[in-house]
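Before we start, here is the structure in question, set down as structure tokens.
Letters are used for the chains, namely A, B and C, taken in the order the chains are written, and counting of residues starts over at 1 for each.
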Amino acid sequence: MTHENLTAVFEQVRKTAPLVHCITNYVTVNDAANVLLACGASPVMADDAAEAAEITALCSATYINIGTLNARTVESMRTAGKKAVELRHPVVLDPVGAGASVLRTETVRCLMDSVAFTVIKGNMSEIKTIAHGSGTTRGVDASVSDAVTDENLAESAAFVRDLAVRTAGVIAVTGAIDIVSDGTKTYACRNGHPMLASITGSGCMLGALVAAFCGTGAGCAVDAAAAAVCAMGLCGEQAYRKTVSAGGGTGSFRSYLLDAVSLLTPDAFAEGIKIESC
Amino acid sequence: MTHENLTAVFEQVRKTAPLVHCITNYVTVNDAANVLLACGASPVMADDAAEAAEITALCSATYINIGTLNARTVESMRTAGKKAVELRHPVVLDPVGAGASVLRTETVRCLMDSVAFTVIKGNMSEIKTIAHGSGTTRGVDASVSDAVTDENLAESAAFVRDLAVRTAGVIAVTGAIDIVSDGTKTYACRNGHPMLASITGSGCMLGALVAAFCGTGAGCAVDAAAAAVCAMGLCGEQAYRKTVSAGGGTGSFRSYLLDAVSLLTPDAFAEGIKIESC
Amino acid sequence: MTHENLTAVFEQVRKTAPLVHCITNYVTVNDAANVLLACGASPVMADDAAEAAEITALCSATYINIGTLNARTVESMRTAGKKAVELRHPVVLDPVGAGASVLRTETVRCLMDSVAFTVIKGNMSEIKTIAHGSGTTRGVDASVSDAVTDENLAESAAFVRDLAVRTAGVIAVTGAIDIVSDGTKTYACRNGHPMLASITGSGCMLGALVAAFCGTGAGCAVDAAAAAVCAMGLCGEQAYRKTVSAGGGTGSFRSYLLDAVSLLTPDAFAEGIKIESC
């Protein structure tokens, strides 16, 4: 199976160079900006309510990440999200740490009440929090008990598919096996490497890529999200191999990951992705 | 032409180790701090109005960058800028994204009303916004139509020179050809490499360097700004060559760029800069 | 002398993977997160008062760094610190720039009035400011006159020991020779390399490591803090050697430093640390 639709989205990122408005946390914001540039998109970070809607209107996609939320920026997230929906621009939510505090869980609920997100991308603990209203997120990491495995893949995919139907958007769950669904089409992706969890920002970088890939306007949102998930995982594999052969650790891995994103070609993407419908 | 005056400024950075107060965006603030240390200066980031003036007074130069502005930090920028002027310390403005939102365009106007900036450094779209009150900035990038080329160099230089006269400060416009003018002396610099635009922060790093170079007190501000522009461009060229020979991408380029700044010697600077009066 | 107690703490970091709540500056927050992951711990950054106590309660240790303080985040620091003390979790203060502005000096005083810190880690100028109520911090760097040398080591150690008694906590002073004391046990550590001062964030990374090491619950706080100080210094030495052999500068050093932390084994730690009681 060649998944030409995903490769077609991937190719469009460099061709269309989408501007992506990011309201994201200050821990990994630099990584998000650099990964957008690396994939051929352009970042704009503007988190003040006084300009959030105007910047959203300039851009092709919006990325909202609650990693270091506060009252001021949540207001801007809502403003940007609403404007994106009004303009029919894709808008991606990264509910970092939903389930770890009442503030995070409530903020996600409020944002989802105001904004029909195109894609919601999180780990299984965050996504279960969204589905059930509470969760067991360990800080910003998924609980071990929430891991997607071959044993629970069918059940996990059904859960993700159902939530996609309920939210009328795409749900992308990251983990050893990633699941992406819009309620109709559901993908399982097996790219990636555990070393991605050994640096901060790999999840946020993926969220930004999802927004960029959706911002190309090529393909449907579920294909765009799945293409981004595969691209990030594949680049993680490549960065891991380069790190090992250089005798490096997590600092080198971080640089090689950006290298891999910036050097990834459509052919290598098509060749390297490990994705199946489920 | 040897441009000994520029090399003299460059040499003074390591000799005087100027402290630079930065009120800058949270996307690239780490890059700004690291490039200041790499060139031999020291950064202090303090963006609260309650200490802005006091920190400015401790430092030799102030760098103000509106990349992720909000009401709280704009107040601190104004306070720091006024104190710098009062103490006759150089103060550099980086009007990131001026022209992309009303908030940015208005903030730049207000800051310029309160503070006589020693240097204003931006891309052509940002600088045109300052000159004309509105612009066509694409997010935080210059419009393609605003590129400085050999064909429009004389006209572009005249524009920059005129604005320098009007603002009674130095204007530094970055692009494929950089133009730096104080209204009397005007330089065109041809150092640099397109890969500098493939990472976030190269513009902000340059802004911080301009402040550090001005903070040495060596030479006039136009020479200090031109020396910083040349240094950054030259380091971009070196980092590009190292990246290609290592088979790296943008992650490696980012590390090599800091490497180049930290390793640049006065001799290599004098040898490598490509600058002409115009 | 083998210092098995320090190695025992070091080993526990990877075994217990402590969650560390960080309220820290936006300049080096990414470095703090990455160094925590590199050593085997996990970071959570949450700086809003609405969730600070809840996140603190989830975690095993709290790290408070005033590098880019403002009224909003200082409130969260106080809330988090009090909760940590209430739960008997270790809480580490990094008084960045204390002595450089009234705001910083006063904030440290207020935080210390509200929170019994387990460890206070700073350079000698910051620590003298805490001891005497005012200081001569040069921005965020120590004054040259405050350097710990072999000549003043006994006197410096006595000062640190006395302050530890007064604060009823551990005081860790960093410099060419580091001194760590809880008032009873006092260590001098000679690991480290001057290149650590050529990048931003090495001090903040150490502060985060101190919190992580304390968060293992292994050993007493003075041993945990001393183990972190040794680990960071040793990794700085290794990163320096790798940088030189690769012909790199400060950008490469920064990556290699994270590499070293992520690759450091208990045997290499036990072998490489240079620590003595004093």
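Everything that follows uses one rule, which is that a contact is a pair of C-beta atoms (placed from the backbone, for glycine too) under 8 Å apart; a residue touches a chain by one contact, two chains touch by 3 or more.
Here the structure is a predicted model, which means the values were calculated and not measured.
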{"item": "Chain contact topology (line, ring, star, complete or other)", "value": "complete"}
{"item": "Subunit C against subunit A, contact positions shared by both copies (same if over half, else different)", "value": "different"}
{"item": "Where subunit A and subunit C are represented by their mean Cα positions, the distance between them in whole Å", "value": "33"}
{"item": "Touching two or more other chains - residues of subunit B", "value": "26, 30, 254-255"}
{"item": "Residues on subunit B engaged by subunit C in the complex (per definition of touch)", "value": "19, 26, 29-30, 33-34, 37-38, 42-48, 50-51, 54-55, 58-59, 72, 254-263"}
{"item": "Residues of subunit B that touch subunit A when the two form their complex", "value": "25-28, 30-31, 67-71, 97, 100-104, 138-141, 197-201, 248-252, 254-255"}
